[in-house]
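Each structure below is given as structure tokens.
Each of the two complexes below includes chain A, the first together with chain B, the second together with chain C.
For the complex of A and B:
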């Protein structure tokens, strides 16, 4: 009897009473129902809508940059050919040619940079004025060579920021005659700064410099003739940069770097000359690697110099090579050799060159941001699992906005600088959107894979829950049926015996 | 065509500007990149490490600078406790050549070799904190050689016994690269079991692909070294590398020469080629027509080559043939300055030093500085919070429901 009393009758346990048990089972299902949206939310990919149709419309628009030319009436016969030539060479220019007024004044009055063609003794440019001999007939080709040149294919892609890295490399300091220093600040200020300041509206430049004392070449330069001269063949030049052992720039930022290397050959290996294709030493000691940078080889004079410090005059020829290479890498068009430029302030870049570069870069940026925006929306629509978050959305919209403003203002008198600023902004934002780290599509999983992952996880939990729920529902229905049966029987009894009070208390009436 | 519409006088000075241009001229690319991935780890996968390092040595020998090579390597073989030859990785039983010895720059090492990093590397969607050496800084004029090795299966490649990259993922990543203008041409090579399935899902133009074995076929290891105690290299890679030894920087060997060098009885599996997305012909008619036929090739109608039927048409269009050096070369172009240019810049100098006092480096930028992306929420900063938050909420719900039940007892 004691043993029996120790265990309570299951029917008396509070949680075994029907409604508590059902409450517990129902709570599981309520929980699942509440958790489902949460689970859906946390596992679904956030894909915010992108302005797809706007992007496609924008991408089809063609940029037309206004170009005002005031032509002196002396040249009125050449206007048609001039307009056609510019149209053909640069379809992105919207040429307006004025004639019949006093052109010597107009170019300074316009907000938008206008150009003037004036009769002159010889062919030269001054500010934005072109003086052209009145008897010459080839105004159109002169103009296209000034304003509608093609972008140099050696130029680096546009970037709002560039890092210029100047390195003085001693091939082998231990061989003697090592250069320990150079007047780099003065050399940069004298040769590089004129370019960087003139192009300051295009790019933001950071400049760094270093001197290294051991920079071995990855190959043996061949010795030719018996005079101890060493030569670099064309093939050698392509592998000249020993990037495994030379550290040419600090990696403190991800801005594109343009490298400038002043290479001082080892004392045992000089003079080191570049060979022209026919095998004779070339008179040039500089070469350029497209989009990468420039290299100048500096052979020290035969009697070893007393000073181991390169002074400004000694750096002059090397740095004029660097400045030429820099202007090539930045895509600065050159003045045709036939045109001389007289500048009062002796800044060697004419506004014609800078303006042309600005137009080319603006056009390039607009085209690139069109491409990037279009690629972004096509990719997002093509790859279903690619997330699009708020930042990407905002960047795409920002890029579109900048482009819209650029196009809206291109008709008005917006300056080239502002146009470039808008295009650069559009480009930066669109590529930021495209390369946003959040835009990584989740890994592709085949359907079988999903079943294989989810089944062991959920089936083991769901089966007992389902079974309990089904059993409980079955029991409940059975109960209800019994209750109804009982009630039917009772009603029958009530009619038989006509006993309302018994039915009200619910006490079963004996049958 | 439009080239001739210009007056000759305009073009003439242009020719003077490029006095010396060394260029392969067969392909529109100006730089070459290589992505070499060994997706295995642990000592018994020594051979995969050796595969990747052998390929690394070859691309470097052919002139791709280290800065343009992204090497993803578990890198646990050279300094493994079980390696009798510490600090060395050999790819042949005689141990003639130490692949690890000299200058090895592993960009993604150990646990950094993940599917996510690989796909981020390709698509360029790396967090801003990643250094240059871990980025594929290519543009639309880059040719990229991508080499994968590891354990794989039908349409997947296993990464470090932990996760898998599927053929769909790589195909999508390549398409994103295409849309983003990140390559000119890709040469994709994969050495794994059922490797040819890895390139079957590609759909972006400009991709040439080759794999070591057809679907349902293993890719085999080549040789054991009994002192090292494991297989030292895979067969397919071994014979590709052996062939590449014939190639030098100025070689004119074509891709067709490489593909027709596949020797099935030696390799032990049937390598495949896919060129239907690639624009240029793989080589002259003679070797390429022989591809997949003859000794050892048991496949009916020749070895697996998607795009075989397009080859004649490509050749008829007189497109330049795909050279091996198009993908394995170094800097492909150098321009030398001509002397007459020099004088134009001689006088490019600031007039006098009084201007120097104004600081020269502050070139103002017209672009309004883009504000850094708005500070992200806590959930974005700590991604693990998301699942744990769900757990906490679930727990709270449980607690709430049960407390309700228990309180009814009293």
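For the complex of A and C:
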């Protein structure tokens, strides 16, 4: 009994009482429960919600661009076939055909720009009016070839800005003859400006030019035995551009570049001809690389002066090739050869062509922004660790807004230029969102990495916590059971006194 | 609107008056010099002049860049960058090695500081600020030259007051021009920088003097560097591309001969002349004494230099010099000295937190010399300006330092710029010391290969001549070698070990505290041995009666 005098019984200390201990354990668990959301929030990446359902709804929508045609009553029999033909050829056009009015007055046309079909002596167009011989029956196909042509697959994708880069390449300037200059500015003014100024409502153009004095080919052109000519086969043309040696790219901006290369073969390798599939020299000396640019091979006459400056007349044929290539690359539809165009000014482009291009570009942009938006949303939903910040959200929303506005106003009288502007904005914003650099940030720091850092701490701290909690629960349950048993036993002591006395006789005691 | 129409008229006028391609001209030259220590210094220079052109006024950056750029000889890719960021003057050098002024003399091109150095003069007044354009031009040039110039960020950018005057002229647009300068000592120049460099030349490396630029030999040289310089003079915009190298014929040939030729130095010859070069001139410095032979026979010899024009003489493809005698290395110090002063710069002190910057400048001349001293330091080295001590031949002479200007560093953001003027009495040596502190870096701020240390930029000394009327004339810049500083560096292989170790300790402490808080203490009474049986029996009794007992329950 000495021990009792020296130590206090620990059971009498207040923190040794069972309920205080249980409070302590419980408070640990409450703290963990409260801290979990905080931990989750601070370690998760920022993923702002994207308007997913709106994007999917928008991507389902089909653009319908109104097209108003006023047909003179002379052609009333062809109206149905005309409407059907345009619908089949271009489903994105919403054709309205008016008839029975005086179509020569442009004010009767509701939607700008409206077109008019008038009877005429021969087939020709003037402004937005088509003069059609009244006896001809083929109005539908003429209209389709004018307004509902397919976009050329060789055309470059739409961009608000293009750089046109003209390069004069001397294959080997030190091999006897070198072209040291060209009248590039005059040639551009003569051949290129008419196109770029007419299409100024679609794109901004930056034009630049350079001359190079060494531009070796990456292959040996095929040599002909007769006449010392050299030939380029179709396979050669696919590897003609030697990007390792020619400095063609412009590095300073992100605008797409359309390259126009005037290639002057070395004096020892002249004339250089393009071969037809059957192996004979082709009449053309130009070829086009889809969505990239055009190349013209310039074979100079045989007894050359040592240095040469190309003058405007010498550049004429090359630059008319360039201008054709440029209009192809920009997707400008051609006028059918049967239609003659009498233009008030000297511009070669009719409003029919420009309008058709505007419609096609608008449609292309809408489809591309639909695709990009859908891809963005799918990508974000597919990859859980991809962050989505405010900028991306705003860009997706801005793109959607531009598309919604475009679809809302397409029914009202907005011009084709405004439609194109909306579609271009939608496209720019959607591709900015898709290529946003911030979306890549977390891909390099995967979730597993995070757990690898946290597990050593949390696992080892959780083990005593869990063990204590389980043991305490077990103890508590045992205590309860014992308390109940004790109560039962007490009752039994009182009521079954007689039974207990029977125990001495060896009979089992039922409890 | 008025501006646009005026511009159009100007454009029209200029196209009328500039009929022929005399608008642009290209000249190439190579100068070769035998050095005292037997090495050979070659310096290529390719100049393209865009006649009557003026740099872009930054105020026109707000307008759409619609005016077209048409070049024949001028590199288009460079022209685009210059126009897009409206750069008036630009200098970029990429060098490797230490230029030994004492035995090699002054280089032909002054910029020989080790690593990458970029500086640009730009005018303000545009929609984008000068710093934005500086960042843009850095990134554009980094892309053009495949060099890590993007790292020349604001942590390395300074604007020294005096040391870098514009080489050309600055047009007057009503707003002052500003200088941005940055260098990076640990940038290495290699083939990937030379290839895009050669593409800027009109004849690339396929004809003319540039045929000699063989990467195998250039980067094998003891010292090599390439440079790009764009400047404006009233006659037009000039682009100068240069390559300098110091090769060692004694090492290449394996003999005791100092002889060199194009073939021995570059393993190539000039086989074709560049068709568009106005001239391709080679100049050879003739030795001042001794027997030697220069071949082929020079076209003209002026003031100890032999000149050849490869453009108009189609026989000359290889040039060289021969000595009949073996080369003898000069063991004693040579007189006269090639440079008026020599510099030694050191960082003293062995600890990782303190050090002392020490500079010893020796004046080799009789006359008093004034030097403009520029020190740019990343913020990791902090100066204690109050500890500056200047000694001249071991006598304290604080009066020899003057015109100090100091731009404080901002940690993690801006380097320090210290500029001052040192005065050296004739035939004396001046010692400048200053205490510095070394910073303790954040974990993520260490570069790759952190144990190697940080390269500190070369200091720059420029002789200064002050005229009585107050105007100042700056001589040729002299770059010191770079320094290497050792900062406190953590063991980078440790993070996971550290995490796990820390976690174990934290878990251990947590477990102990937690146990202490939740442990149940009880007193176990130990009865004497003889009562054991009784106590056991008593315990069994107690169990039967369901009464909790101390000895049965254990500590939690």
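We adopt the following convention: the second predicted complex is superposed on the first by the 390 of 511 C-alpha atoms of A that agree within 3 Å, B and C clash if a C-alpha of one lies under 4 Å from a C-alpha of the other, contacts with A are read in each partner's own complex, and residues count from 1 in each chain.
Methods note: contacts are C-beta pairs under 8 Å (C-beta built on N, C-alpha and C of every residue); 3 or more make two chains touch, one makes a residue touch a chain.
The shown structure was predicted, so the numbers you read here are calculated from the model rather than taken from an experiment.
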**OP:** Kindly classify A:480 by the partners it touches after superposition: chain B alone (first), chain C alone (second), both, or neither?
**Re:** neither
**OP:** Counting touched residues of chain A, say whether chain B or chain C comes out ahead.
**Re:** B
**OP:** Could you look at A:336 and tell me whether it touches chain B, chain C, both or neither (first, second, both, neither)?
**Re:** first
**OP:** Figure out whether A:460 sits in contact with chain B (first) or chain C (second), or with both, or with neither.
**Re:** second
**OP:** Kindly classify A:96 by the partners it touches after superposition: chain B alone (first), chain C alone (second), both, or neither?
**Re:** neither
**OP:** Once the structures are superposed on A, label A:62 by its partner contacts, choosing first (chain B), second (chain C), both or neither.
**Re:** neither
**OP:** Please work out whether A:181 is in contact with chain B alone, chain C alone, both, or neither, and reply first, second, both or neither.
**Re:** second
Original post:
Is A:14 touching the first partner chain B, the second partner chain C, both, or neither of them?
Top reply: first
**OP:** Go through the superposed model and pick first if A:207 touches only chain B, second if only chain C, both, or neither.
**Re:** both
Subject >> Touching partner for A:383 - first (chain B), second (chain C), both, neither >> reply: first
Original post:
Both chain B and chain C contact which residues of chain A?
Top reply: 24, 186, 188, 204-207, 245, 251
Original post:
Can you list the chain B residues touching chain A in their complex?
Top reply: 5-7, 9-10, 13, 17, 20, 22, 30-31, 60, 63, 65-67, 103, 105, 115-116, 119-120, 123-128, 131-133, 135, 139, 163, 165-166, 168-169, 172, 175-176, 179-181, 249-250, 330-339, 341-342, 344-351, 353, 356, 360-361, 363-368, 370, 373-374, 386-387, 390, 393-394, 397-398, 401-402, 405, 408-409
Original post:
Inside the complex, what are the residues of chain C that reach chain A?
Top reply: 15, 20-21, 64-66, 68-73, 75-77, 80-81, 84, 140, 143-144, 199, 202-204, 206-207, 272-276, 496, 499-500, 502-504, 506-508, 510-511, 514-515, 517-518, 520-523, 525, 546, 548, 556
Subject >> List of chain A residues in touch with chain C within their complex >> reply: 3, 7, 9-11, 13, 16, 21, 24-25, 28, 165, 172-174, 178, 180-181, 184-186, 188, 204-214, 216, 245, 247, 249-253, 307, 309, 452-453, 456-457, 460-461, 463-465, 468, 471-472, 475, 482, 485-486, 489
Subject >> Residues on chain A engaged by chain B in the complex (per definition of touch) >> reply: 14-15, 20, 23-24, 27, 30-31, 34-35, 38-39, 42, 88-89, 138, 141, 144-145, 154, 157, 160-161, 186, 188-191, 193-197, 199-201, 203-207, 234-235, 237-239, 241, 243-245, 251, 254, 274, 276-277, 282-284, 286-292, 317, 320-321, 323-325, 327, 334-337, 345-346, 348, 368, 371-372, 375-376, 378-379, 382-383, 391, 417-418, 420-421, 424-425, 428-429, 432, 434-441, 443-446
